[in-house]
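Structures for review follow.
In the two assemblies presented below, chain A is common to both, partnered first by chain B and then by chain C.
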Partner chain A sequence: MPLIRIDDQEIEAPQGETILRVALKHGIAIPYYCYHPALSIVGQCRMCLVEVKGAPKPLTACSTTIGTLPPGKKIEGKYDMVVSTKSETARKAQRGVLEFLLLNHPLDCPICDQAGECQLQEYSYTFGDPASRLEFEKVHAPKRVDIGPHVVFDVERCIKCTRCIRFCQEISKTGELTLSERGVYTRVDIFPGRELDNPYSVCTVDICPVGALTSREFRFKERVWFLKSVNSVCQECSRGCSVRVDAYKGEVLRLVPRDNPQVNGPWMCDYGRLVTERMKGLDLAGRPLLRSGAVWQGYEWKEFGAALVEKMAGFPALKSDSWAVVLSGRLSLEEMAGAQAVSQAFFERSAGSVPDVAWGEDDELLIRKERRPNLMGARLMGIPVGEQNAPLSGLLTGKKAALILREDPVGDAQGAEKAAVETALASMDLVIVADSAFTDTARLAHVFIPLAGWHEMEGVTVNFLGVAQKTARAVVPPRDRRPFYEVASLWLTAAGHEAPEPTFPGWHAKVKESVPGLAGTSIKDLLPNGLQVLDAPAKDKVKKGEGA
Partner chain B sequence: MTEVLKLLTRNVGKPNSTHVDAYMGSGGYESLMTVLHKWTPEQTLNEVKAANLKGRGGAGFPAGLKWSFLPKGKEVLKYLVCNADESEPGTFKDRLLIENDPHSILEGIIIAGWATQAAGCFFYIRGEMPAGARIFQKAVDQAYAKGFLGKNILGSGFNFDVWVSRGAGAYICGEETALMDSLEGKRGQPRLKPPFPAGYGVYGVPTNINNVESYANVPLIIRNGAGWYTAIGSPSAPGTRLFGISGHVKRPGVFELPSGVTLRELIYEHAGGILGDRPLKAVIPGGSSVPVLRADQIDVTMDPDGLKSVGTMVGSAGVIVMNDSVCMVKALLNLMEFYAHESCGQCTPCREGTHWLELIVRRLEEGGGRPSDCDLILDVAGNIMGRTICPLGDAAAMPAISFVQQFREEFEAHAREGRCPMRDVRMTAAI
Partner chain C sequence: MSEQGVAELIKNPGFLAKVDRLVKSYPRPQTALIPILHLCQAELRHVPVEFQAFIAERLGLTPAHVRGVVTFYEMFSEEPHGRYLLQVCKTLPCMLTGSEALLEHLQNKLGIKPGGTTQDGRFSLITVECLACCDGGPSLMVNEALHKRVSTGDADRILSELE
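For the complex of A and B:
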C-alpha cells in the first residue's frame, strides 16, 4: 500500500484513492464544495486545492488519486506522495478560490436560512479574507425561483457546485436540472417545462452547501442554531431511514436524513420528510377519554387506570374470544410488549395481529410500499402479520369488543369496507382505541387513549432489513400524550397485575427477553446507526455513501 | 528572406481546388493509396512519429505519439476527431485550408484512421464557418463517391466514415473534451482529466483528436517521408507552419513558412511591415491567449524554443501586430471581454475571475482606475492561472499578466491621469 504524508501525518493509503477521501478519513480538514461522497467527482469548485510535492501547480484533492512510485524515486526516500494542505501555496490557492466564490455572492446571511449551517460561511471564517476587494456592482440574479413544490431556488446564492444537478442525474435519475448560460452568468437551471418534483427532491436542499436551495416547508421558520435536534428514525415506511429531527418550542420543524450506509445512505424521501406537514392537520386529543352515550368524559392519567378497570368490569360477559385485538406496525417493540401483556391480563389471550398496510410500489432507492415501520419487529415479537392490505372488517365483524392500537380502520377504508367496519364497531359493547390523533375510528370508541407520536417518544423499531433502530423524543408531547407502554403499566397496576416500570428502559428490558437478536445488547448498541438483529436479504442492501 | 513554401497551401488559389478531381490531378489521395496497399497501420504510425509532427492546435503535442495512446487493434472501437473549431482571436489558418483544400485534410484524416484502425472521424467545425462546413461536406461526399470513404476502401478491407458536425458558437468547444461533450449533444464543458480522450472520448469510446492543420500535414509526410519532413524548419518543431498575421501590417494574411522564421522577418518582410509606417508597439505571437511581446523582443524564431526565450509561446501561430496607436489597456479590455464571455462557468476561478478582470480593466480604460489596479490584475490573474480544469483560465490570465508586466507604465498612466492617455493618438492615427 502506498505510503503518503499529508501535512504531518504519515498515512498508508489505498492505491487509487483520492487525497480528499484519505484526508477526511484521517481527520485532516480540506475545504470542499462540489465533492459529495455519494455523487460523481467533477472537480469544478476548485476549493480543495492542495500542494502536492513535485506538481507544478496546486491540485484538487477530490480528483487527485494516490499511486505508487518506483523504489528509487520515493520522495524523501519513502513517500509515494507528499501533500500539504496548509502550505503557503495551498492556502493562497484556497483563499483565492474562496474570494472568487464570495465575489458575486449576495452575502444576505441575515435573511438566509442556511446561515449557521452554511459551508460558505464556515470556510470564509476559516480560510477566507475578512474584506472583499470587489469594488463593482455584483452580478444579480433571481432570488425566489419556484423550481418545484418543495424547493425554492435563490440563484444569487448559488456557487455552481452542481451537486443538485448530479443528484437528479445520478441518484433520483430524473434529470430535471442543468447548468445554463456561461461565464459569470452561469446558473443552475431547470429544463423548460420541467419541475423539480421527484420523490427525493428535498435531498437537493440537504446537499446544497449554501442557501441557494431551500425547503419551502422549512424556510423562514427558525434560525438553525435555535433548533433542538435528536437522532431518530423515520416511521413512514418499512425502510426506517435514519433521521435527525429538528424541533423548536415543541414543534417539529424538519426531518433531515442522517447518513446510515446500512439503511438509507445519505438520503430520505420527501414523503417521509413531509410528515411535519401532515402532523399539522391532526386532531390531537390531550387526555384519556371515556364515553357514555354521546358524552366524552376526560380523565387525568392518575385516575384513568382505575376508571378503565371499572369500565371493563361493567362487561363481565366478554370472554377472550369476544375480543378483536388490532395492533399496528406503527407500535414500537416496547409498545407491542405492552399490548401483549395487556392482552394476556385482560383478554386471557395472546395479542391479535398486525395489518400490513401497503400502497404504491417499492422504488429503486429507498421507498417501500409497506407503510408500517415495524412489521419485522412484530414478527420478531411473535405477533402475526396479516396479509397485505387485507380488509380489517373481517377481524372485527362478529366480535363484541375491540382494542385497536395506532390503526384507523374507519379513516383508512373506503366504500363498503368502511361501512362494514363502522357497522362492526357500532354493534360492539366496548371499543378501546389508542392513537396519537383523534381519528374517525376513535369517534366510534367507548374509550380513547391518547398516544405519543413517534417523534415524541422513545421506542425501538426493526426495519425490513432487520436493522433495529431507536426513536427519540424530539419534543415533549404538547398535551400529555403517552407511549402505549406507559399506558400498559398504568392499566396493569390499576388491576393489581405485575407490570414493568412505566418507562422505556423498563419495557425495553422485557422486549429483550423475547427478541433473540437483542439479547445481551444495550440501548447504546442501537446508536447511532442501528443494530442488525436479523440477517438482511442481500439484494436489499442499499448503496453506500459515507459521511458527507 | 526565407522562401515561402507551398506545401500545405499547394492547392490554395488553384481553380476548382476544392473538387476531388482537381485534388487528385495534383497527386491527391496517392498517399492514402500508398498506406492502404503497401503499409501496415504500424508502419504508417511510425512514419508520422518519426516525422515528429507537432500538433498545430496550440499545445504542440506530438501527433504520432498521441495516436499511439489509442488501444491497438481493429476490434476495439475507436474514433478520431478533427478539431475545426478554430475560434482563437487572431487565428484563421485552418479556415484557409478547409475552404480551399478540404481533400488534403480529409486524406490526412483517413490515413490517421488507417494508422490507428479507427472506425471513423467526427469533423467538428466552428458554427460561424457555414461555408467551410458546406465545402467540407461536399468533399466528404465526393470522397465517398470515389471510394476513399465507406466500406472496404480501395479494396483494402478497411472501413472508415467521416461525419461533419457543426458547433454552436462557443469558443470553449475548441477545448478537446468540451468539443466531445458538444458533439454528444451536451452543454460544451471541459471534462475532468483523467480519463484522457485516448481512453474515454466521444461517447465514452477511445478517441484521438487533432487539429485541421495537423491532419493536413500527414499526406505530405507519407508522400515524402519523415526524413524530408524533419529537414524543414527547426528541429524542435519540424515542417512548415501557417502563420496568420493580422492587425497593423500592410499585408495581413496566412503565410506558410518553415517554423524557424523570425518574428521580425514575418512582420517586416512577409507581411509588408507596419501599417502607416508607424513604429511597432506590441505583438501577440500565437493567438490571443499567449503572453504579449514588446517591439524590442521580435528577433526570435517562431518555434517553441525561440518564443520560450522571451517568455511566450507559438500557440496557434496567429500573430497579432499592434502599432503605436494602440492603447494596451483597451487592447487588453477587448481580450478580457472575450474570455469573460467565453468562460464556460464550471470552474470558480475562471468563471468569477475573468469577469472581475474585465471590470478592473474597463475601469482603468474608462478613467476610474486606481494606482493599485496593476497589482490587483496581477493577483487576480495569478489566482486563475493553473487553478482550472481546462486551459481557458490560463488563456485569460496570460495576456492579463503579460500586458501589465510589459506595459505597466501605460496602465499606471491610465490610473494617474484618470483617462486614457492614448485617446488623442488613437483619434489622430486614422488608420
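For the complex of A and C:
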C-alpha cells in the first residue's frame, strides 16, 4: 500500500484512493463544496486545492488519486506522495478560490435560511480574506425562482458546485437540472416549462452547501441555531429512514435525513419529509374521553385508569372472540407489547393482527409501498400481519367490541367498505380507539385514548430490512398525549394487574424478552444507526453513500 | 434557407433523414447532438426550446442537458438570428487592434446593441470569444465568412455587398 504524508501525518493509503477521502478518514480538514460521498467526482468548485510535492501547481484533493512511486523515486526515501493542506501555497490557493466564489455572492446572510449551516460562511471564516477587492458591480441574478413545488432557487447565492445537478442525474435519475449559459453568467437552470419535481427533490436542498436551494416548506421559518434537534426515524413507510427532527417551540419544522448506509444512505423522500405539513392538518387529540350517548366526558389521566376499568366492568360478557383487536404497524415494539399485555389481561385473548396498508409502488431508491413502519416488528413480536390492503371490515363485522390502535378504518376507507366499517362499529357494545388524532373512527368510539405522535415519544421500530431503530421525543406533546405503553401500565395497574413501569425503558425490557435479536442489547446499541435484528434479504440491501 | 417553423421542421422527412444519418455515424447517439443542433440552427436560425425537447427525446438525453449545450455555445441561439449574423471578436488581440471602434460603428450603423436584431430581420450583431485569427484583428465573421483587419470602411463595404 502506498505510504503518503499529509501535513505531518504518515498514512498508508489504498492505491487509487483520492487525497480528500483519505484526509477525511484520518480527521484532516480539507475544505470542499462539490465533493459528496454519494455523487460522482467532478472537481468543479476548486475549494479543495492542496499542495502536492513535485506537482507544478496546486491540485484538487477530491480528484487527485494516490499512486505508487518506483522504489528509487520515493520522496524523502519512503513516501509515494507528500501533501500539504496548510502550506503557504495551499492557503493562498484556498483563499483565492474563496475570493472567486464570493465575487458575485450577494452576502445576504441576514436574510438567508442557510445562515448557521452554510459552508460558504464557515470556510470564509476559516480560509477566506476579510475584505473583497472587487471594484465593479456584482453580477446580479434572480433571488426567487420557483424551480419546483418544494424547492426555491436563489440564483445569486449559487456557487455552481453542481451537486444538485448530479443528484438529479445520478440518484433520482430524473435529470431536471443543468448548467446553462457560460462564464460568469453560468447558472443552474431548469428546462423551460418543466419543474424540479421528483420524489426526492428536497434532497437537493440538503446537499446544497450554500443558501441557493431552500425548502419552500422550511424557508423563513426559523433560524437554524434555535432549532432543537433529535435523532429519530421516519414513520411514513417500511423503509424507516434515519432522520433528524428539527423542532422549535413545540412544532416540528423539518425532517432531514441522517446518513445511514444500512437503511437510507444520505437521502429521504419528499413524502416522508413533508409529514411536517400533514401534521398541521391533524385534529390532534387532547384528553382521554369516555362517551355516553352523544356526550363526551373528559378525564385526567390519574382518574382515567379507574374510569376505564369501571367502564369495562359494565360488559362482563365481552371476552376473547367477542373482541376485534386491530393493532397498527405504526405502533412501536413497546406499544405492541403493551397491547399484548392488555389483550391478555382484559380480553383473555392474544393481540389481534396488524393491517398491511400499501399504496403506490416500491421504487429503486427508498420508497416502499408498505406504508406502516413497523410491520417487521409486529412479526418479530408474534403478531400476525394481515394480507396487503385487506379490508378491515372483515375483522370488525360480527364482533361485539373493538380495540383499535393507531388506525383509522373509517377515515381511510371509501364507499362500501367505509359503510361496512361504520355499521360494524355502530352495532358494537364497546369500541375503544387510541390514536394521536381524533379521527373519524374515534367519533364512533365509546372510549378515546389520546396517544403521543411518533415525534413525541420514544419507541423502537423494525424496518423491512430487519434494522431496529429508535424514535425520540422531538417535542413535548402540547396536550397530554401519551405513548400506548404508558397507557397500558396505567390501565393494567388500575385493575390490579402487574405491569412494567410506565416508561420506555420499562416496556423495552419486556420487548427484549420476546424479540431474540434484541436479547442482550442495550438501548445504546440502537443508536445512532440502528441494529440489525433480523437477517435482511440480500437483494434488498442498499449501500448508498458512506458518511457525508 | 427556408422560412419554416420548428413544428414543420421536426416533421420534415428530409430533415429527419439527415438527423438519422448523423445519429448513425457515431457509436453513441448523443454524440450527434452538436451536429444536429448546427443543422437546426442553419434551418431556423435558432434552436427553439421545442426543438431541444424533441431532440433530447430522440437521443435519449434530458431536455435540461440539451439546453445546457445550446446556451453554452455562441453558435446556437434560442432567439432567431437575422439573415446575416455579424460576429465581432471581443478578446484581447482584436481589442488592441480596434475591435471596440468596429463594434461601435456597427452598432451605430445598424441601430442595435450586441445581442440585437434589426427590425427588418436582416442583421444580428453579437460579440464572441476568439475567432481564431489573432494575427488578423480586428476580425469580423459574417455568417460563415471570416474577414480580417476590418476597418470601419471595410465593414461598410462588406455590409453593402450583402443582398
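We take it that the second predicted complex is superposed on the first by the 548 of 548 C-alpha atoms of A that agree within 3 Å, B and C clash if a C-alpha of one lies under 4 Å from a C-alpha of the other, contacts with A are read in each partner's own complex, and residues count from 1 in each chain.
Note that in this section a residue touches a chain if its C-beta (ideal position, glycine included) is under 8 Å from a C-beta of that chain, and two chains touch if they have at least 3 such contacts.
The model shown is predicted, which means the values in this text are computed figures rather than measured ones.
Colleague: With the two structures overlaid on chain A, would chain B and chain C clash, or do they fit side by side?
Modeller: They clash: once the shared chain is superposed, the two partners overlap in space.
Colleague: Between chain B and chain C, whom does A:179 touch in the aligned arrangement: first, second, both, or neither?
Modeller: After superposition on chain A, A:179 lies in contact with both partners, chain B and chain C.
Colleague: Have a look and say if chain B or chain C is in touch with more residues of chain A.
Modeller: Touched residues of chain A are more numerous for B.
Colleague: For A:160, is the partner it touches chain B (first), chain C (second), both, or none of the two (neither)?
Modeller: first
Colleague: Tell me which partner A:416 touches in the superposition: chain B (first), chain C (second), both or neither.
Modeller: Neither: A:416 stays clear of chain B and chain C.
Colleague: Check whether A:519 is in contact with chain B, with chain C, with both or with neither, and answer first, second, both or neither.
Modeller: Neither partner.
Colleague: For A:97, select first, second, both or neither according to whether it touches chain B, chain C, the two together, or no partner.
Modeller: In the superposition, A:97 contacts chain B only.
Colleague: Check the residue A:191 against both partner chains and state whether it touches chain B (first), chain C (second), both, or neither.
Modeller: second
Colleague: Between 42-50, 60-68, 150-158 or 330-338, which run of chain B pushes into chain C after the superposition?
Modeller: The stretch that clashes with chain C is 330-338.
Colleague: Can you give me the overlap between the chain B contact set and the chain C contact set on chain A?
Modeller: Overlap of chain B and chain C footprints on chain A: residues 178-182.
Colleague: Going by the contact rule set out above, which residues of chain C touch chain A in the complex?
Modeller: Answer in residue numbers: 49, 52-53, 62-65, 67-68, 71-72.
Colleague: Spell out the part of chain A that touches chain B in their complex, as residue ranges.
Modeller: Within the complex, chain A contacts chain B at residues 41-47, 49, 56-58, 63, 92-93, 96-97, 99-101, 103-104, 133-134, 136, 139, 159-160, 162, 178-186.
Colleague: Where on chain A does chain C make contact in their complex?
Modeller: Its residues touching chain C are 169, 174-182, 189-194.
Colleague: Spell out the residues on chain B that touch chain A in their complex, using ranges where they run on.
Modeller: Checking each residue of chain B against chain A gives 170, 172, 187, 189, 192, 340-349, 351-356, 359, 363, 376, 382-383, 386-389.
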